[in-house]
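Okay, so chain A shows up in both of these, paired with chain B first and chain C after.
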Partner chain A sequence: MKNWYKYLSVLLMIYVIIAGFLIPLKPGIQSFSPSKITIDPDKSSYLKIKTYNTHFQDAQQNKVWLKLPNDQLLRDEKVTILSQNELEVSFYIPSTLPDFNPQQDALTLIVENEIDGYTFYPDAVRVNDVSGLMTNRNEYHDISKINQVESFKFPYRHILHETIRNTFFHVAIWFAMFILLIYSCYHSLVYLRSKSLVSDKKSASATTVALVFGIAGILTGSMWAKYTWGTFWTTDIKLNMSATAMLVYCAYWFLRASVSDIDTRARLSAVYNLFSFVTLMILVMVIPRFTDSLHPGNGGNPALGGEDLDNTLRAVFYPAIIGYTLIGFWISNIYFRYLTLKEKVELI
Partner chain B sequence: MIQRIFHIIKKDLVLDTRSRFSILAGLLYLVTITFVIFKLFGDISGPTRIGVFWIVLLFTSVNLVSDSFGHAGSRRMWNQYQLYEATEILAAKLLFNFAKVFAAGLFLLLLFRVFSNESLVNPPLFIGTLALAILGIITTMTLTSSLTVYAKNQSGLLSILAIPLLLPILLISMKVSLVSERMFFDTAINSNLLMLFGIDMILLVMSLIFISITWKS
Partner chain C sequence: MKPNLFLTLSLFFLLTESILAQGGADDFMRSTGKIYSVVAVVLILFLVIVVFLFRLDSKINKLEKQIHNE
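And now, the complex of A and B:
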C-alpha cells in the first residue's frame, strides 16, 4: 500500500482523541478539612473529605483509613455520605500513636470502597501532640486489608486533575517537532553533499511544519501552565528555551525570504539549519545547569517513565507521538509538492 | 598561510584606519549609549548593571561584525574571493573582529567604571569571561554575517539570525560575571568557564567547516 502511513496516522489520531478524552480519571481526594487534628481523649475527631470521580452513594462499603508511618491503619468510626463525591468521617485517634513523631510525621488519608478501589492523599493529616494521655482503645489494621479494584483509567494527580490529558497533545507535539527537525537537518546534510534542490525543499518543508508544531506546542503548554502554575507565561527555562528555538526557526524563514537566488538560498539555509540545530543542542545541555525547571525531569520533579507516566498514559502517549510525527511528515510532503510546483510555475 | 591571514588583517586594518572617523564614531557610540543608559536608569547597580553591560556589548558586536564580509558583488569581495581560501578569510576576520570587539568591551568596562563608580571585584575573572564570551559571540556572528552577504537587509538579518543562538553563551557569561562581582555564589565556576570554552571550540570548528560552503561554492 502506497500511502500506508497516512491511513496509519489518521487511525492513530482518531484513537488518541477518543481514548485521550473518554477514558476517565481514577478517583482522587481533592481536599479535606481540617488538616490538623487536636486530639480530645473524650471525643472523636471529624474530617470532611471532598473527592473526585468517586461513587460513594452507589457503593455499599465506604471505608476511610488513616495510615501510620509504620504502615498500620486506623479505621474510621463512622462514615456519613453527603454526596457521590463528599463524605464526613469521624475517627477516634489515640493520643499516643506507635512510631509516630507529631513534629515530623503526618497521617496518610485513604478512602476506599468496592466500586472505585482505593485512593490516598499522602501525609495529609497532622496530629497535635497531647502527651501524658494514655488511651488505647483503638485496634490497628494491616495495610493488606485495603482492597484494590483493577481498572483502565488515567491516574489522578494533584494540581493536574483532568489536564493530565494534555500529555497526549503538548508533549507528543514537542516530540514530533524534534523528530521533524532531525529529519530536516538530515536533508540539509544531504543537500550540502549532493546539491540536489529536492533535499533543500524537503528540509525547508519539514522545518516549516516543525515551526507550526512548535507554535502549537507553546499554545497548548501555555494553556496548561495557566491551569497548573497560574500564569500563561512563566520564567520557566524550558519554556524560554522553546521560545528561543521558535525565534531561530523564524529567523531561518527570514533568511530564506531575503535571498532571491535559488542555489544560494538553499546553500545558506542548509548551513544555518545545521549551525542552529547544533547551537540549540548546546542550549538543551547547558540550561539544566542553571535553574530548576517546573517541568518534569528537572529540579526533583519526576520525569517521563517515573510515576507520572503510568501504563495507561503510555498506551495513549506513545501512539500520539507516532501519530503526530506521521501527520507531520504528511503535511511536509504536501508542502514539498507545493514548493516543487511553485518552482515549476516560476520557471515557465 | 599565517602570512596570508596577517595580510588580510593588515588590509582590513588599513581600510579601517584610512577612514579615521569610523574608529572615533565607534568610541562615540559607546560613550553615548552608556551615557544614555546611566541617565535613564539613574542609579544602576547590582545584577541589572551586569545585564545591561552584556546587552550593550551584544549590540556593539552586531554593529562591528555586521559588515565583515562586505556586500555581495562588491569589488572588495571579488578580490578576496579570488585571492584567498575561505578558511584563511574566516581566520583573519575572526582575529580582527575579536580584537575590535574585545577593545570595545574593555572600553565599555572603563565607561561603566567611570559612570557607576563601582570597580570590578575580580578583574582577571571578569576580563577572562569577557574574552571567552566575545570569542563565542564573534564566531557565531562572523559565520552568520557570511550568510547575510547575499541578503538585502544585512545588519537587521544578522541580529535575528545570531542573537537567539547566543543565548547559551550569554547565560553562562552572565552567571560567571555575577559570581566574579560577588553578587551570586557558586563553587562550580571552573566548570562553567570550561563549558564556555567548550562551546567556543564547537562554534569555531563548525564555522571553519561551514565557511567554505557559504563563502565559496
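And now, the complex of A and C:
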C-alpha cells in the first residue's frame, strides 16, 4: 500500500485527540487554609482542603495525614466532608515532633481514600514553635499505611492542571519539526553530493513544513504560557532563542525567493539549510541549558523524562510525535509536487 | 481570497483574551482546570496548518491557470 503513512497519521491523530482529552487527571490538592497551624496543646487544629478530581462523598474511608521529614505520619482526628472536592479536617499535633525544626521544616499534607488513592502537597503545613509545652498523645504511623490505587491517569501538577495535555500538542509539534528538519538536512547533503534537483526540492519542502510547525509551536506555547505563567510572552531563554531560530529559518525562505537561477538557488539554500540547522541546535538545545528556564528539563542536563513525563503521558506523547511527523511528511510531499510543477512551468 | 495567518491568529488571540478570559481566576478559560486553554492550543495548531494548506491550494490554482493558458 502506497499511502500507508497517510492512513497511519490520521489514525494516530484520532488516537491522540481522543486519549489526550478523555484520560482523566489524577486527583490533586488545589489549596488549603490556613497555611500555618498554630498548635494549642488543649485544642485540635483545623484545616480546610480543596482538591481536584477527588470523590470524597463516594468514598468510605477518607483519611488525611501529615508527613514528618522522617517519614512518620500523623493521622487526622476527624474528617468532615463538605463536597466531592472539599473537606475540613482536624488534627491533634503534639508540641514536640521528632526530628522536626519548626523554623525550617514543614509537614507534607496527604489526602487518601480507597477510590482515588493518595495525593500529596509537599512541605505544605508549617507549625509554630511551642517546644517546652508537654503533651502526652504522641501516636505516629508508618508511611506504608497509605493506600495506593493503581490507575491509568495523567499526573496532576500545580499550576498546570489540565494543561498538562498540551504536551501532546505543543511539545510534540516541536519534536515533529526537528524530525522534519533532520530529513531536510539529509536531502541537502544528498544535493551537495549528487547535484540532483529532486533532493533540493525535497529538502525545501520539508523545511517549509517544519517552519510552519515551528510557528505553530511558538503560538501554541504562547497560549499555554498565558494560562500557566501569566503572560503571552515571557523573557524565558527558550522562548527568545526559539523565536531567533525561527527568524534564521525565515531567512531561508527569503533566500530561496530571491535567487532566480535554479542551480545557484539549490546550492545556496542547501548550504544555508545546514548552517541554520546547526544554529537551531545551538540556540534551542544548548544555550537554554546554561541558564534557568521556565521550561522543564532546562538549566541542567536532562534526558527525555524524569518526573515531568511519566508513562501515562508517554503512551500518548510518542504516538503524537509520530502522527505529526507523518502529517508533516504528507504535507511536504504535496509541497514537493507543487515545486516540481512550478519548475516545469518555469522551464517552458 | 488568501487567508492571512497573522490576521486570523491575532483575531483569535484577541477573542480569547477580551471575551473569554475576563476577570480573575474563575473566568471561562481557567474553569474546569484550565481545560479550555488546551482547546485553544489545539485550535491554534489546526488553524496554522489549515491556513498553510489554503495558501498552498491557491498557489497550485495559479499554476493550473498558467498551464491552461499556455
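Following the convention adopted for this analysis, the second predicted complex is superposed on the first by the 332 of 348 C-alpha atoms of A that agree within 3 Å, B and C clash if a C-alpha of one lies under 4 Å from a C-alpha of the other, contacts with A are read in each partner's own complex, and residues count from 1 in each chain.
Convention: a contact is a pair of C-beta atoms (placed from the backbone, for glycine too) under 8 Å apart; a residue touches a chain by one contact, two chains touch by 3 or more.
Model, not experiment: these values are computed from the prediction.
Student: For A:75, is the partner it touches chain B (first), chain C (second), both, or none of the two (neither)?
Tutor: Touch status of A:75: no partner.
Student: Go through the superposed model and pick first if A:157 touches only chain B, second if only chain C, both, or neither.
Tutor: Touch partners of A:157: none, neither chain B nor chain C.
Student: Between chain B and chain C, whom does A:247 touch in the aligned arrangement: first, second, both, or neither?
Tutor: Once the two structures are laid over each other on A, A:247 reaches chain B alone.
Student: Once the shared chain is lined up, is A:165 touching chain B (first), chain C (second), both, or neither of them?
Tutor: In the superposition, A:165 touches chain C alone.
Student: After the superposition on A, what does A:216 contact: first (chain B), second (chain C), both or neither?
Tutor: second
Student: Under the stated touch criterion, which partner chain does A:274 make contact with: chain B (first), chain C (second), both, or neither?
Tutor: Once the two structures are laid over each other on A, A:274 reaches chain B alone.
Student: Which part of chain A faces chain C closely enough to touch in the complex?
Tutor: These residues of chain A touch chain C: 17, 21, 25, 52-53, 160-163, 165-166, 169-170, 173, 209, 212, 215-216, 219-220, 223-224, 226-228, 232, 327, 331, 334-335, 338, 341-342, 345, 348.
Student: Using the touch rule from the top, collect the residues of chain C that touch chain A in their complex.
Tutor: Of all residues in chain C, those touching chain A are 5, 9, 13, 16-17, 21, 29-30, 32-35, 37-38, 40-42, 44-45, 48-49, 52-53, 56, 59-60, 63, 66-67, 70.
Student: Which of the residues in chain A end up touching chain B in this complex?
Tutor: My answer: residues 192, 244, 247-248, 250-251, 254-255, 258-259, 261, 263-264, 267-268, 270-272, 274-276, 278-279, 282-283, 286-287, 289-290.
Student: Residue numbers of chain B touching chain A in their complex, please.
Tutor: Against chain A, chain B makes touches at 140, 143-144, 147-148, 150-153, 157, 160-161, 164-165, 167-168, 171-172, 175, 192, 195, 199, 202-203, 206, 210, 213-214, 217.
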